[in-house]
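Once you scroll down, you'll see the structures, which are given as C-alpha cells.
In what comes next, chain A is part of two complexes: it sits with chain B in the first one and with chain C in the second one.
On to the complex of A and B.
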C-alpha cells in the first residue's frame, strides 16, 4: 500500500519534515476520508465466506458433529470439521524452535476452552455461512473444567525457573527488617479489543498463497503459513496495508487463519473469514490473569532491605504463556536482597497472549502499589520514598543504565502536577461529595532491539520512495520513515512515498515490544544515506554531470536541490541531475544486520524473535522510563472513580516525531485508565465462559472518562539503544498507570484496592 | 439463510394489521431489534418498518403535559427545549442513555420496548436455558454472573433487569402509553416477570405504541435523573433515580415527591414508600437518607448484585437532596 505524503495546512506541521519534527500522520487523510483500504476489504473474484463454529463447553471431547443440515443449507460450499479439513504440519514457535513432526489441526476434537474452533462453514455469501453455521450440531462428552486462578482445582502451577531472579538473602533480610509490608495483588483477564476484528482473505494460486490480513509481523506470519502448508517461505505473500489496532494481538498467525487458508486450498477459491466480536474474546488470548505477592522489608527511613516477590499467571491447558511478573520488580528500586519466582497455572482458557507491555504492566501494578503501601507505613511521601530507593544502576544486571531520566521525570511531573500541595493523609482532600486523591507511580519498558532492512529509491522526478515489509497500525511508521528519508536524502517529506505492509518488500521483524521505530528508522537511515552517497557520487564523477568540472569532494542536497557547499557551482533539482546523467532512478538497500550475516541469519532475524538483542547486552541496561501523577475523584456515596487529571513525564530517549509519540503515550495512559477502572473478562464459573464478550459489556473508556492528559518528554538521545537515539514509545506509558490510580484511590478513600479493576462495589 | 420479509407500512392501521400476524415484528430504529437478531434472539419472519409513518414523531408540550410520538428520536426529545423545561428528568434520562449515535437512530416507542441486557438471554447458542426466551427452559443467570441483575421485582423464573432509563423517568410522573385508542399507565404497561418472564408488556399482537403522554406536574418541572455507573458514558445504570419534588409555599416542606428507580428492578420501579415517608415533612438530609432506605425494601440479591441494594438508596437520597438544594 502506498501512502502519499501530503501537506495538511496544519500549523503544527511547520518545519515538521525532519526527524524530530511534529509532522502529522501521513496516513491520516486516507483514514479520515475512508479511502484507506483494510486487508479484508480486498475485492476478489469468486470470494467465498467462512464462518467459525465454536465449542460451547470448556472441557471435554467432541462426540459428534452433525453437518447434514448445514451442508444442505442454501449456498453452502463446504463444512469443515476435524475430520474433513486438510491436514497441516505443526509450525515452529516464534523463537523458531523446530516443531514436533506431527500434524496440526486448527479445529479441535479435544476441547480445552469454551469458544474453541470446532468447525467452519464456507458459503457463497456471508449471510448463508452465518445461517448454516448455526445448523452445525456438535455434541460433547463434557469433563470438569478449571475456570481460573481462583478455582480450587487450579493448584500452584508449574514453576518457571527461567523467571527466577535472586541476589543476597531476601528471606533473611525481610525477617530482620524493622518495617515489613506484604500484600497480594490481582489483575483479571484483559482484552486488546482492537476496533478492527481479526480476519483475513486467503487466496491460493497453485502452490502460492496470498493472505490479506491485519498483521503486526508479516514475515513471522508468512513463515507460519508456509510451515503449516509445507510450501517454501517465498511462496507466501502477506499483505497488510493498514491495521485497525493490534496491541499485541495481531503478531502471530492464528488458528482461524489456518482454517481460512485450508478452506481456500480445499475449494480452490479465495476465502474470507472475519471473527465476530464475541469470537475476538476466545479466538486468541488477551492478557493473562495474574496474582502477585510482594513483600518489602525496609528500615524506618523507608530504605528497602529486601524484596520477595512471587507471581503466578494463567495459561491454557495446552499452550504456554509466561507473563513475566518480576520484570519491573527487579529493576525499579535498589535493594541489596531480592527474590522473585513465578509459576504458571493451567486453566481452561485460550492461551493468553501479548497485550501492551506484557509482563511490565502487571508487574508494575504489584511493586508500584507496594512501595506506596510502604510509604504510608513509614510515613514518607510516596514520591520521596521512590527517590530514596532510586536505583543508580540496574540492580539485577548490575550494569549502568544506558540512560535513565526517571529522576527528571519525577521532578518535572511533580512540578507540573503541583505535587508539593498534596496533603498526605487519606481522605484529607475533598470537593463536596467527591473525595480527591493524588497518586504517583513509575513505569518502565525495556528497549528491545532487532535488525531491519529497507529500500530507498530516488526517482527520476526527484521524489523518494521507501519500501519495507514493516507495518503501521496507527503508531506512525509511514510518517517517521518519510521523515527519516526526507531528512537523510534532503528532500521535503511530501516528496517521499512510503510503502509498507507487503511481505514482498525488504524485510522487517515484529512490530511488537516497541521496537519497530528504532529498528526501521535505522534501516531507512542507512539505505537513504547510501542512496544519497550514490547521488552525490554520480554528480561529482559522471562526466555528464554539471558538477563534474567543479572537482568538489562533496555536494549538498537540501530541499530537493543539489549544490556545492560553497555555493560556487550550479544549483539544480535532483530530477535535473538524474536527467543529465541519464539515470531514471537510484536505489539502495540498507540494513542494520551485522556485516557477516548469512542468508539464514537474515531469515531467522525477520521471521523469529530469536535474534532480538538482549536489553542488557554489553555494558548497558537499556529501558524507557516514566512517572505518572494522577488525580482521582471518588464519590463517597457511590464509590465511582473518575480520573480528573493526569500529568506524565516520560523518557523514551530521542523522539522521531513528538506529536506521534505524545499520541502513543496518551493512548497508553487511556488504556491504563481502562485497566485500572473498567476492564475485566467475567467468567461464568459453571461454564468456564466469558460472558461479557462484546463492547457493550466489556467496558473500555469513553471520551467522558478521559480528562486532559499532559505528557512531557524528558528523554535524551540514547545511542546505546538505537541508531538514531530513540527508545521504546508504544508500550511504556501504560505501565504504572493502574498503580498510580490505585494509589490515588487510597489517598482519596483510605481503601487499598489490590484487585483490578477498581469498580464501585469495591469502594462503597 | 434466514430470509424474512420486509414491509414498509403506509399507515398506522396497516402497520398494526401486519404486526398482528404471527412471526411479525415492528421495526423502528432497529438498535435493539437488529442487535438481537444478530445474537440469534430475535428471529422474525417479517418486519414491518414504521419509520416512514408521518406525524408519529411529533413532540407537543402544553400546560397539560407532553405528548411524544412513538417515532420521535431519543436525541430530539432529549434536546427539546420544552421537554427540558417541563420535564428535566425526562431529558436527562435520555441524554444519559446509550450513545449519541444510538440516540440519533432510536425511537421513543422502541426505547420502551428494549429488552434486558442479561448476558444469558443474549447468547442462545451457549445458554439454552432462559425462561424469558424459552418459557419453562430454566434460568441460566441464577447461580451465574449476576452483577447486572435485578434485586427488586425478581421471581424464581427470572431476575433480568429492565435496563431503560426513559421509562424510569416516565413512571415517576405517571406517564401513559398510547396504544392507538387504548391507553395504559407506564406502571401497568411493564409487567413483573412472575412465572411468565416472556411476557414483558401489556401490549397485544396487532397493537402498537403510538405516543407517550406525560401529565404536567409541579414535581415534574422540578425533577432530575441521576444515573450511576462505572463508566461515565455509554453504559447502563448500576443504579439510577428519577426524582421530582414540589414544596409547600415555605419552600421546605415537601408537598409532592416522585421517586423511581432504574438499574435495579425487573421493570421501571416506582418507590412509593419513599414518597409517602417524606411527603409533608421538611426536607432534611438525615430524614431523606433514612426514608431512601425504603426504596429497596424487600430487595433480594444474587451475590454479585448485592451492591445495588446499598447503592440505590444513596442514589435516591442524593437526587432528592439535589432537588432540595435548588429551592
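On to the complex of A and C.
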C-alpha cells in the first residue's frame, strides 16, 4: 500500500518538505478519500464475528452461564465462557516483570467491576453474534461493592511511598506562614473516547498469529499476545496502519484481544471483535478519579514558603494504577519547603489507565488553582504571582532546566490575549447578562526518552522508503518521518514513502508520553544519514560512477540530484547514478540505542517501558511548558459557561512540523475544555455501572462548544531532549486548561469551583 | 429453516449492487462488511457521533441508523464517491490544506456533513458552520480547522 505518495497539489506545501516545514499530512489523501484502511477494516476470507457479554454487577461470582439458547441461535459458531475458552498463560506487565506462573482467563468467574467480560459469542455475521449475545443468561452471587471514591466503604487507601516527595520542613513552614491557603480539588472519571472503538481481527496460521488492531505500541502488544499463547515473539505480527485516536488507551493488549485471539484459535478462522461504544467505558480504564488537597504558605508578597500536597486516586480491586498527582506540584514553583504524598484507593472499577498527560493533568488542576487562590488572597495579579515564584531550576531534582521558555510563554501569551486590560475584581467585567472572566494557568509535561530503529532505503527510481514499527494515530508520524528522510537524504518529501504500523518493521517503543516524535526522528535521521553516506560513497568510489573521475571528497545531494559542491562535473538524478553503478537500492538501518546494546537489551527496550530514560537523567531536567490564557462567558441567570477565547503559548522545543504540532496543541486544549466543563463518568450507586457510557451522555466537546484558539510556539531547540531538538507536543497542551478555565470562572463569578466539571448547578 | 434474508438493491457512488441481506442489516454494516466500502466509519452505532454520515438522495444521513433496505431505490454517496476522476472535492482539498483532522476516523463523516452543510446554505458564518457541524464529533479536536476548511470550501463552491 503506497497511498502516501499521492500528489495533492496543496499550495501550502511550498518549501515545506524539510524538518520544521509546514508540510500537509502525507497520510491525508488516504484519510480524506476513505481509502485508508484502519486495522479492523481488513477484508479476510472466512471472517467470523465475536461479541462480548459483560457482567451486570460490580462484585460477586458468576453462578451460572446458560448458553443453550445462544448456541441454538442462527449462525452461531461458538459461545465462549470461562469454562470453555482455552487456557492462556499470564503475561508480564509493561515493565517486563516476570509474571506468576498461573493460567490467565480473559473471561471472568470472579467479578470485580460492572462491565467485566464474562462470555463471548462468535457467529457467521455481526448481526447474528449481536442477537445471540443477548440470549446468553448469566446469573451471579452478588456481593457488596465499593462503587467509587465517595463510597463510605472506600477508606483511605494504600500509601504509595514511591510518590512521596519532600524537602525542607513543609508542615512547620506552613504553620508559621503569614498567608495560608488550603483547598481540596476533585476530578472525576474521564474517558479517552477515541472515535475509533477498540477492536481487532485475530488470525492464526498454524502457530503464527496475525493481529490487526489499533495500537499505540505494536511491539509491546505483540509481546503480550506471544506470552498469553506461549508462542515465540517472532510468531506474532501486529498490524496497525492507521489508528482512529488513542489518547493513551490503545497502548496495551487487553482482555478483549485475548478473547478474540482465543476464539480464532479455537475456530481455526479469523475472528473480528469490536467493542460497542458502551463497552469502551469498561473494557479498559479511563482517567482515574482523583482527590487532592493543596496547601500553600506564603508571605504577604505572595512568595511561597511551603507547599503541602496530599492526593488519592482510585484503582481497581485487582490492578494497580497510580496517577502521579504531585508531578506538577513539585516542579512548577520555587519553594524552600515541600511535601507531597499519595494514596490509592481500591474500588470496583476496571483498572484505570493512561489518558492524555496522566498525572500532570490533574496535578496541574490542583496547584494552578491554588496559586490563583493565593493571588486573590494577597491581592496580586495571577500572572504576576506566577512570575514572582518562578522556578529558576527544577526545585525537586535540583537541576538546571534543559530549556524552560515559560517566562516567554507568559509574556507572549499575555500580550496576544490583552491580559493588561483585565480588571482584577471578580464580577468586574460583563457584556449584558454575561459575566466575563479571564484566567491564566501554566502547564508542563516531562520529556520522556527512549530508543527507536528505522530502515531507510534509497530505491532504484530515486525515491526513498522508510520503515518502522512505530505508529501514527494522528500525531503526524508519517509526515515528520517523511520530512526527516527527505531533508537528510536530499529528496523532495513527495518522493518519500513512509511505512509504519507493522511489527515486522524495525522496532519502536510505545507511542505514549509524547516521546515518539523525538525518538523516531532521531532514528530516521541516523538511518537516512547512513544511507546518504553509502550513496555518496558509491558515487565517489565506484569505477562505473560518472563522478569517479572527479576524485571529489564529497558530493551534494539535493532535490533528488547529485552534484559536486564545486559545481563542476556531472549533475544527475539518484536513479541514474544507481543505474550506472548497477545497484537497485541502498539500505541502511539506524537506531538510537547505546552502541554496546545486546539483542536482549533491544527486545527489552521495544517491548517494555523499563529502559526509558528519566527526564532528570544527567545534568538537566527536561520538560515542555505552556501558558494558557482563557476567556469565559458565564450567563448570570443560568450559570452556563462558554469558553469564548483561548490564547496559549507553548514551548515544545523545536517543532518538526508546526502545522501538525499546532493541530495537536489545539486538540489538547479542546480536550481540556471538555474536562473543565463537560466530562464526567457518572457511576450508578447500586451496581457500579457507568450510567452515561455513550457519546450522547458522556459529553465531549462538539464543534459548537469551541471558539477560535490561538497557539503560539515559544520553544527553542533543546538538544538535551532529543536528537533534533524537539520536546513533547501531544500531552502538553491539555495540562493547565482546566485550571485556567476554573480561574476564569472565578474571575467572572466570584465562585471558586474545585470539583470538575464546572457545571451550571455549581454556579447558581 | 425459514428464509431470513431479502434481496436489497443499492445504488452506491453510481454503482449498482445486489445483496442478499437480513432485514436488520444497517446501511453502515452493508457498506463496511459486505461491500468493503470502509471509508464510512463506525464510531458509536447509535447515531451519536456522526462518523457514519453518508448522503442518501443528496441529504446527509446516519448510516448506522438507516437499514440497508431503506436505501433501496435511492442514491447513496459515500466518501469514496466524492472525488471525481481523481480530482478531490473542494471540501476534501480544504480539509487537507487546513489540517482539519488528525487520526482521520471522523473525517469521512465530517467531510460528508460539510458538503451537505454548504449545499444546505448553512456555511454563511463561522458560528453557523459550528452549529451545523456540531453533530460530527472529533475527539482529536480539529474543530477550529474544520470550520476554516468549511469556510474555505464554501467560498470555492459558491464561486
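Rule of thumb we're sticking to: the second predicted complex is superposed on the first by the 758 of 764 C-alpha atoms of A that agree within 3 Å, B and C clash if a C-alpha of one lies under 4 Å from a C-alpha of the other, contacts with A are read in each partner's own complex, and residues count from 1 in each chain.
The rule is simple: contacts are C-beta pairs under 8 Å (C-beta built on N, C-alpha and C of every residue); 3 or more make two chains touch, one makes a residue touch a chain.
Please read these numbers as outputs of a predicted model, since none were measured by experiment.
In the superposition on chain A, A:696 makes contact with both chain B and chain C. When the shared chain is aligned, chain C comes close enough to touch A:659, but chain B does not.
Judged by the touch definition given at the top, the superposed model places A:704 against both chain B and chain C. When the two structures are aligned on the shared chain, A:761 is found in touch with chain B, with no touch to chain C. By the touch criterion defined above, A:343 lies against neither chain B nor chain C after alignment on the C-alpha atoms of chain A. Applying the stated contact rule after C-alpha superposition, one finds that A:127 touches each of chain B and chain C. For chain A, the partner that touches more of its residues is C, with chain B and chain C as the two candidates. Of the two partner chains placed by the overlay, chain B and chain C both lie in contact with A:74.
Note: residues 74, 125, 127, 696, 701-705 of chain A belong to the chain B contact set and to the chain C contact set alike, using the contact criterion stated above.
The touching residues of chain A, counted against chain C in their complex, run 8, 10-12, 24-25, 27-38, 41, 43, 74, 125-127, 192-197, 242-247, 274, 276-277, 473-476, 659-660, 662-664, 666-671, 694-696, 700-709.
Residues of chain A that touch chain B in their complex: 56, 73-75, 114, 125, 127-128, 130-132, 134, 278, 433, 635, 637-640, 642, 677-678, 682-687, 689, 691-692, 696-697, 699, 701-705, 757, 759-761, 764. Of all the residues in chain B, the ones that touch chain A in their complex are 1-2, 40, 117, 119-120, 123, 125-127, 143-145, 147, 228-235, 238, 306-307, 310-311, 314-315, 317-318.
Against chain A, the residues of chain C that register as touching in their complex are 1, 4, 22, 24-25, 29, 32-33, 36-46, 48-49, 51, 78-80, 82-83, 88, 92-93, 95-97, 99, 101-108, 111, 126, 129-131, 133-147.
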